[in-house]
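The structures considered in this document are given below.
What follows is a pair of complexes built around chain A, which joins chain B in one and chain C in the other.
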Partner chain A sequence: MLDTVIEPLEFAFMQRALLAAGLAGLVCAVVGIFVVLKGMAFMGDAVAHSSLAGMSVAYFFGGNVFWGALAWAVPASLAITLISRRANLRLDTAIGIIFASGFAVGIILMSRVSNYTADLFGLLFGNLLGVSWSDVILISVIAGVVLLIVTALYKELLFTSYDSTMSAASGIPVRLVEYLLPVLVGVTTVASLKAVGIVLVLALLVTPAATATLLARRLPGIIAYSITVALAATVAGLYLSFYAGLPSGPSIVVVATGFFLLALLFSPSKGVLWRGRRERLAAVEETVG
Partner chain B sequence: MANTSTPASVEVLDGDLDAPDKVLRPHALDIRGLWTGYGRQQALKDITFQVDAGEVLGIIGPNGSGKTTLLKTILGLVRPWQGSLSVLGMPAEEQRRVMGYMPQVEQVDWDFPVTVGDVALMGRYARRGPLRRTNKEDREAASRALQQTGMYGQRDNLIGELSGGQRRRALLARALANQPQLLLMDEPMAGLDANAQHQLLDLLDDLRAGGTTIVLSTHDLSCVSAYCSYAACLNKNLIAYGPPSQVLNEEVLSQTFGSHLLMVHLDGQAYAYQHHSHDDGPEDP
Partner chain C sequence: MNLLILGLFIATLNKITSRYLARVPKTLTLTCLPAAVLLLAGCSGAQAASVARDENRDAILVAATIPVLADLARNVGGSLVEVSSAVPPGVDAHSYQTTPSNSVTISRAALTISNGSGLDDFLLPIFQSARPGGAVHVVASDGLESQFPASEPVISLGADPHFWQNPIFAIHYVEQIRDGLIQADPGNAARYEKQAQRYIASLRQLDENIAGLLDQVPPNRRILVTHHQAFSHLAARYGWQTMALAPGDAGSVTPESILQVSQKIKDAGLSSVFVEPRFRSSALDQVARDARAKVSAIYAGLGGEATTYVEMMQFNARSLADNLR
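Up next, the complex of A and B:
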């Protein structure tokens, strides 16, 4: 039994994969809570997809795709907020424009590369087992900076997400927060690209946080559950991928989704299965009290 | 504009305000020549009035008359096109920390996973600024606000679990946690039963006795005439301003509400109903 756990760790590529996926899961779990509460899921998805352009440019010139993605993600996040505000367009419209345009530019650039399909596949679906130590370092730096900012501005992020009008009225720099949060989301998706790839980033960003909202009532509890689910899903997903010979990113996503379904069914307060029982209890309380 | 009275000539309602002190103190709220709106849509036109500290101003007017816009302009959420706003002698935008705001309950996300205690504590966030946590003083102020509003027992409840009246009191607790000198309330009475209204008015009495200035918007004319020291009749411009006894007459009210007004006299109390509105009539006491 213990061998099952230890054996994969003897491989350096598995150590790097676990570190990279765990860090990505951690930062996604935290930022994902704001994404879920504010309904920003497709903001994250759009930034991830559009950063294919940045990755392709980097790839084309033989640079690190990570830096390319990061260099693209920050202005793309700002552009979404700016376009929706300045052009007075709905946010989902601005998201659509950035989503498709960046992705299109990325595909065009990638089509000029000889082994087009194989390389594109790696960018789209992640290549966790091909993570280098420098990738791990880069992911830790991104995760560290994002978590530091979230911790430092926790009050402001919480209040603005809950009620931006009131937080503006009380003097919190809401404008700053409203531009910052999409950038944090964008940078977080970049940190997760190696783990799950462009197409599946959304799952890491949304699923653990959504699972947590089913399990805890208040934000501190939700954060704790979200982190736990994300770490459990990345580790279990990687082992599943190792032993069953499955692609790593999708394995992580499938395990995370499994956790979500379990919570959906069995959550003590919100579980679908207990609903009848809760309603009966409430009815009893009503008659007694 | 039938500006029946300037605040300086208004009778001092609280016995503890002596005249010389009153002259020296700046107005709690001083609005002069205010024009504003959204985009090119004008919402308020040439508004001028002053409120002294410790007074209660009731703003009445039909839907879309600019009541909420006026409150939001005072708070700095809507930018004035023209004119000046000062709060306690300073430009309003520098005075956000001394203002408390209670929005309409419909404007709040009640599914957000925070407790009543969390919401009250948010009233203190701006005081601390970024990078700093709330401290013991903040938690004590939030607890006091919860006790004042009778919500201390529900402090660990999620906001989504509250009844309509409790939701209002939770929002009021957030506004009070910051110990505001100027309290702005948007439709605080709407949807409250008579008992809850009396509780709220008692609480506002305590606040005003402590020197807090209160500005509230309402559809309840009897509340304004019985309770407020000033009434402002608003319909994009200020139709009339002054003590309720001088301002609230049929002529001013029909000018304010136009053809939409339906006056109802019930148990000696007057209510203004709007013909076309669905949800703005106050509930019967």
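Up next, the complex of A and C:
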């Protein structure tokens, strides 16, 4: 039994994969909560897809793909907020514009690279088993900065997530938070690209946070559950991938989705299974009352 | 180094969680612990890994990126080697997602082999991440790229990394692999030399057979039309022309390339175009239908009927000869 737990960890590539995915999952779990509460899930998706353009530019000129993605993600997330405010469009419309245009530019550039467009699939689906120590350090630095900002602005983020009109009235810099949050989402997304790639990063951002909202009502509880689900999914997903011979990034996502379904069914307050019972209880209370 | 990073990770994890966990039941904190415990367990076991020689069979382990390289290595190494390929046969290398078992295999290899020239670059991080320190690495196409002036009307030969489609270049691969095996396992140098020599002789024979088959096609119809350009070295070796709908591998067919290819098929009166069975191309199907040509099979790498390198090359030559004659 203990061997089963220890064996994968004897390999340095598994240690790095676990660290990289764990850090990415951790920061996604925290930032994801505000994403879920504010209903901006596709912000993360948009930034991930449009940063293909930044990656392609970096790839084209032989630079580091990671910095290319980051250099693209921050302006892209600012542009989404700016377009939606200035043009008076809904956020999802602005996201649609940025998402598709960045991805299109990315594909055009990739098809111009004269030699083999080698790691297009690596960018799309991640390369968790190929993570190097410098990647792990990079991810931890980004994760650390993002978590520091979230901690520092915890109160502001908390108020604006639940009621932005009220918080504006009580003197919280709503405008700042409105521009900052998308940037945090963008940076978080890029940090997670190494682990799960452009296509699956959304799951890391949304699924643990969504699971947590089914299990707790208050923000501290939601954060704790979200982190727990993300880390448990990372560890369980990697072990599943190791013993069942499955690709690592997708395994993590599948396990996280499993946790979400379990929470959906069994959550004490919102679980689908208890609904009948809750309704009956309510009916009894009504007749008695 | 590892220990330091793991420690830092756990420390920050604790700090962050404890902050958020202040108002949550203790049971939750406990669920976070297994992750930390697992990470710690990793530190203690980290030094135990990596075996270069398969204890049972006394064969050295060789890990290649793609099946065609594995097949060449098997022919050079014979019973002295145990060869595996990261990408399984018949699978599109570019959409293949490696699994931890691939990395485990690589981490025990005494020799690793990649094609190079951009073809399998996307697998290199996986190999670099898992390869043991003492392992020998061979880039099979090293030394071939420079042989080409990059000036061909349709596509530059240097941009096509499928060098093995020319048996003479496959011999170069075999020599590279032989040298790698000798470096990794010097005790058996003589046997590797001998086995490589025998295999090279059979590749020379293969080269002659292909030339004989392809000579059956009338010179004005020696044009190989495919979806993506993987056969320029085959064509160049036997004096053929090739044309592809999509130049690189990203599958970007442009209206211009469709027009050019259609025109070529009509002008030369080609009775067939060629596609790898696993990469059915709807664009090429359509072009062929419009030009009243059929779509026949050809293999760039191993898979389907092409179970070994030699079989693949013979299949391709027969397919070209039978369908364009």
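Quick note on the criterion: the second predicted complex is superposed on the first by the 277 of 289 C-alpha atoms of A that agree within 3 Å, B and C clash if a C-alpha of one lies under 4 Å from a C-alpha of the other, contacts with A are read in each partner's own complex, and residues count from 1 in each chain.
Definition applied: a residue touches a chain if its C-beta (ideal position, glycine included) is under 8 Å from a C-beta of that chain, and two chains touch if they have at least 3 such contacts.
As the structure is a computational prediction, the values presented were derived from the model and not from experiment.
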item	value
Partners on chain A (chain B, chain C) - clash or fit	fit
Partner chain(s) touched by A:R218 [first = chain B, second = chain C, both, neither]	both
Chain B versus chain C as contact partner of A:T257, first or second or both or neither	neither
More chain A residues in contact [chain B versus chain C]	C
Vertex chain A angle, Cα centres of chain C and chain B, expressed to the nearest 10 degrees	160
Touched partner set for A:S84, first chain B, second chain C, both or neither	neither
Touching partner for A:A168 - first (chain B), second (chain C), both, neither	first
Chain B versus chain C as contact partner of A:P247, first or second or both or neither	second
Shortest span in Å between Cα atoms of chain B and of chain C, once chain A is used as the common reference	12
Chain B and chain C footprints on chain A, overlapping residues	216, 218
Chain A residues touching chain C - in the complex, by the definition given at the top	5-19, 22-23, 26, 30, 107, 110-111, 113-122, 125, 127, 129-133, 136-137, 140, 144, 147, 151, 216, 218, 220-221, 223-225, 227-228, 231-232, 234-235, 238, 241-242, 245-250
Footprint of chain A on chain C - complex, ascending	1-2, 5-6, 8-9, 12-13, 16-17, 19-24, 28, 31-32, 34-35, 38-39, 41-42, 45-46, 48-49, 94-104, 107, 117-122, 124-126, 128-130, 156, 159, 161, 247-250, 252
Chain B-facing residues of chain A, complex	37, 152-153, 155-156, 158-159, 161-163, 165-173, 213, 216-219, 222
Chain B residues touching chain A - in the complex, by the definition given at the top	72, 75-77, 96-97, 99, 101, 103, 107-109, 112-115, 118, 122-123, 125-126, 128, 130-131, 133-134, 158, 174, 178
